[in-house]
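A, B, C and D are the chain letters, set down in written order, and residue numbers restart from 1 in every chain.
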Amino acid sequence: QPIVNLQDHEHAAQAALGDAAWAYFSGGAADEITLRHNVAAWQNLRLSPRVLQDLRGGHTRCNLLGREWPMPLLVAPMAYQRWAHAEGESGMALAAAAQGCGMVLSHQTSTPLHDVAAMVASDAERGPLWFQLYWLADRGALRDLLAQVEAAGFEALVLTVDAPVHGVRDRERRHGMPLPEGVKAVHWPASDPKNKPSTGLCGGLADAAPTWADVQWLIGQTRLPVLLKGITHPQDAVQAVKLGAAGVIVSNHGGRVLDTLPATAELLPRIVQAVRQHHPQALVVVDGGIRRGTDLFKALALGADAALIGRPALYGLAHAGARGAAHVLRLMRDELEATMALTGCAHIQDIGIDRLWSLESF
Amino acid sequence: QPIVNLQDHEHAAQAALGDAAWAYFSGGAADEITLRHNVAAWQNLRLSPRVLQDLRGGHTRCNLLGREWPMPLLVAPMAYQRWAHAEGESGMALAAAAQGCGMVLSHQTSTPLHDVAAMVASDAERGPLWFQLYWLADRGALRDLLAQVEAAGFEALVLTVDAPVHGVRDRERRHGMPLPEGVKAVHWPASDPKNKPSTGLCGGLADAAPTWADVQWLIGQTRLPVLLKGITHPQDAVQAVKLGAAGVIVSNHGGRVLDTLPATAELLPRIVQAVRQHHPQALVVVDGGIRRGTDLFKALALGADAALIGRPALYGLAHAGARGAAHVLRLMRDELEATMALTGCAHIQDIGIDRLWSLESF
Amino acid sequence: QPIVNLQDHEHAAQAALGDAAWAYFSGGAADEITLRHNVAAWQNLRLSPRVLQDLRGGHTRCNLLGREWPMPLLVAPMAYQRWAHAEGESGMALAAAAQGCGMVLSHQTSTPLHDVAAMVASDAERGPLWFQLYWLADRGALRDLLAQVEAAGFEALVLTVDAPVHGVRDRERRHGMPLPEGVKAVHWPASDPKNKPSTGLCGGLADAAPTWADVQWLIGQTRLPVLLKGITHPQDAVQAVKLGAAGVIVSNHGGRVLDTLPATAELLPRIVQAVRQHHPQALVVVDGGIRRGTDLFKALALGADAALIGRPALYGLAHAGARGAAHVLRLMRDELEATMALTGCAHIQDIGIDRLWSLESF
Amino acid sequence: QPIVNLQDHEHAAQAALGDAAWAYFSGGAADEITLRHNVAAWQNLRLSPRVLQDLRGGHTRCNLLGREWPMPLLVAPMAYQRWAHAEGESGMALAAAAQGCGMVLSHQTSTPLHDVAAMVASDAERGPLWFQLYWLADRGALRDLLAQVEAAGFEALVLTVDAPVHGVRDRERRHGMPLPEGVKAVHWPASDPKNKPSTGLCGGLADAAPTWADVQWLIGQTRLPVLLKGITHPQDAVQAVKLGAAGVIVSNHGGRVLDTLPATAELLPRIVQAVRQHHPQALVVVDGGIRRGTDLFKALALGADAALIGRPALYGLAHAGARGAAHVLRLMRDELEATMALTGCAHIQDIGIDRLWSLESF
């Protein structure tokens, strides 16, 4: 059967992957309520088109962190992509660049960050190239990593703050994580101080969790703009920007860490409102459950500057390498363009809250 | 099994049609959320009958565009009806006329418009005969077509404005559109300027989309009343009527073009309110998901002057030709009459908003 | 498997009845939305018990139309009970009397009304004995019937006003109504004037529907209290009582006549409120979807004086005759008593609206 | 398959138990609406984490009735645990103590109360040890039992007030209660006066139900703090505390007694509010449907001091004895700790209502 949407890619990936890899890549925390709810929340928003608008010269170009890009969509940071497909993070980076989408490379990348960056950095039509970081208690190691990231040409740093301890992922626990020979997190410290058990919460792991003070230190260490990923509370978002973060990524980690968090489509509006009030220039990005061009359109209509897409890109990679991931992103772009044309939006900045239908909106 | 409702016709049609035709005729955009929601939204409205009313001499006759007709129901414009059944648009026209229902012939009709009109124009007990148009960038071709439409005796023009680019219909894309030998859109331009790719949205297709200025031009070209089909926003409805349109058809194209649009039962009330406020004489018609006499009754109770019915009529045609389509329309009429009698409405104008139950309505 | 609740009786009945009888007895109008919703609406109400109340000497006795009865529950009028089981209406009357429940005999009874009344009239522990009537255009025939009903000892007259024309029951239409040899509506006029087709709604059947004037005439013809059955609008309820009716039965005919009516649990509160305001002594009875003692308790808590139970009693009869119907009613009584004890209500009059939980109720 | 959550334990228990035992232990009243709703109501609450909080030295220790304990979780009183597994109540007590959880021993324990208490009383790291009581009409027998309970070292008395008569448990009624040879309620009076049938509700059983006066008497008879279990109404909660109860357990008996009671997650907030207003020191405990660490976290966030867990602990016991029950409690503790870390709560008292997300909460 021909593949015509992202769900088809998901089915193809499930067929291509082993059980453990499927459990790892597709699974969510606990009862996977947030995982399902992320998808449903975008679907439940209703569009409100205007007809007969002038669409000539329309396009999807957007501005992020002071530069123009072809599309307001980036591939989310995801660990161990070489477990999904031999082309791994390199294939993903090529796919993203080919479709004008950005890429956020995971701290737990299974391909060296220099290799990934080198592959696409000079592509004029590519999207943004960002690096995602988990906090490391060893500040020296952190500084070393920052230096590499900057040298390789990444344009922003994404600090993930929503996973100080491992999530309860039941499906993953059933299967374990039998990483194939040769696949590992190449930039991950062999023996992280995090692993020293103590008497605090979660066998002491929680004691090593980063705090706002650590964030402040990190921002001072790098010339790159820093985004905090995993923000769900408006006050945390405002706090981040106050401390000098360039923006936030509204995310519940794709429902992988803590179950029964609200869907990101529910969280986004109040965070946009809080951030815009005091820091109109700060970036608000969102991810979780985006599976259609209409979903991406709705994220922009709710005020996001851009969105990340996680699992679907991975699924494309899993069953067909870079070509598969590129097809996923291409479908997203085509559907976004069709949604713009059908709602009467020639440009990204035309996509406002008035393009969402609500009982109160007239 | 005997066929007693429109769902039975749907099952019979699915059995009669090939996979590709079934996908084309029954399919909707993307995840088909709006397709399902259209049906559910009528079902979810609750009736509020009054008992012991005087029903003597009751009937379903109604007035549309200055003339009286037997029933406030028309068959919606649907392309390629000869792909569903050899009797095609001619069979559909006969069926509609036989049941006192109107017909809107599609711009993409697979039967010449003169043949269809000639078949029923002189029937005294038939319903309205309207012609549906998509915008053509070639104004000369448009003018030619208008002349033919007027000459053939069509009584109104329906300009569809909700599909400037093709919808994302996944099921249809899986199957393609293998039109049988001899079935084609007989009035469709062989090479539409629309097909010239450019750099705008949707490979440039969006650049050829009509604007309000084009609508104004069109209204000036014809002596027929013009209705805009595919209106979902109250301000667009008001704008249409202000520019001289005779009315609007509240429609999301049966969920075929853009998914996650609101159900038309949700859209209708505010459009009725906005239009009636300034233009009490303008027509408001609705379509999408009408499957029961109670659904039609509810559309009228929400303020519509008439409704269109799409797929079910097609399904009747598909498995039993004109006779099948006529049976569908007959069921609708019988159910409408029963609903009127059981809610205490002797005439169409008795069907008011007070016949719908709501927690606030007392 | 032992039968422990009314659903078990339903399954047993389905197994015992032929397809056509099952379709007739269990079916509802159109998509059976109201049929299902009736049941769900009682289930969705939440109880609010008070603990540690004094329950000594508690009982379920109640007062209806000036007399005390063992239970506020009657069997609803249902046609053709001999089609369900040879013991028919006589068996049903015995079952009801044995459990202290009342019975409303249908105008379309398949057993002569005198036989049914004679069987139980003298039982000291039985419940009320009422007769249900459909309007007949032939007033002479109506007067004759009234005389028989009064003579036989029925204590009230129930005029059903919600079915002036036949409902659209799809399942029944598929199977027809192949009444067995010897089963017929013994008091139904052989040739009702209703059957003379004319040009009005529903082939003219609607022209013979009763009006408020007919109700007034009927009330004047009998010394029995008259209840109107099939009331769903507060103003109709008030109108009925104003014209001299002893009360109303809030009913949507068990979802058999017009689909997408509200559930009776939704309709009841506003009718109770409207009637009580002006006519505190008038009776308000309710039926539709009552399947548990908790449902009956909720009907009383919402202000009903009593409730009718339809299909479940029929199901008991269908598979096990009078014994089966009696078991159904016994289960209802046991569950009502348990609900009273567990919510802290020793007597029927303790069952107030404060025993229903709602977000606003504190 | 490895067991990674409480649902896995449930499946294992169903496989291990006979049909009748399974029906008894897992079943609920009537249609089991409340049973299912208890679980769903916790799931439907959404969490609202704060990131980057200082988590060092975090733990789950809590204070109940004037003493510190390792965890705010106790095993609920459940009858006949030896029917589930030979280790019965002794195994359960060991499991609870091993995980720092408390235990409430049922009045219908199948193991003598002294044996159970002796097993764990001296464990320094155990949780609270409470005894649950049903009211007995024979006050002498009650006084005897109280003396034994106090002597054995139980630290509080839990009087269950929500089951004055037996619930309508359909699944249990289908199977009966074929207690195995040697399993019985060892402290239950052989012939309870309750069993003397009379003419009141429920064959007279309701006449023996306790009243507020009885509660007052009981509180006067013992030096132990008394909690009332089965409270669902704020005014009953306030009344209990006014009469000298140490607190209340908000419970619908796990949906086993009266169906269509609200879920305890819905009941809890208003009871907390009512009790805290006048008696800030009184204990509010909750049970019903707690299956995840997030559920327990939510109970605490809504204001409960602690929660009970019923069936899941029983399921662990049923298929693997004390080891199984301990694993259930361990999973609960691990998940609670992870939830605390991931929401930014280092200590139990940090878990406030602001950690729950709601549309109004900002």
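Couple of notes before you dig in:
As a working rule, a residue touches a chain if its C-beta (ideal position, glycine included) is under 8 Å from a C-beta of that chain, and two chains touch if they have at least 3 such contacts.
Predicted model, so just to flag it, every value in this text is computed and none were measured.
Each step here moves to a touching chain, and the least such steps from chain A to chain D number 1. At the chain B-chain C interface, residue numbers used by both copies make up under half of all numbers present, so the two copies contact each other through mostly different positions.
Remark: rotation between chain C and chain D after Cα superposition is 90° (nearest 5). Between the Cα centres of chain B and chain C there is a gap of 42 Å.
A straight line joining the Cα centres of chain A and chain C is 60 Å long.
Counting partner chains per residue, chain A has no residue touching two or more of them.
Of all residues in chain B, only 30-31, 33, 161-168, 170, 173-174, 199-202, 205-207, 209-212, 214-215, 228, 230-236, 257-262, 270 touch chain A in the complex they form. Residues of chain D that touch chain A in their complex: 1-2, 4-5, 43, 45-60, 292-294, 334-335, 337-343, 346, 357, 362.
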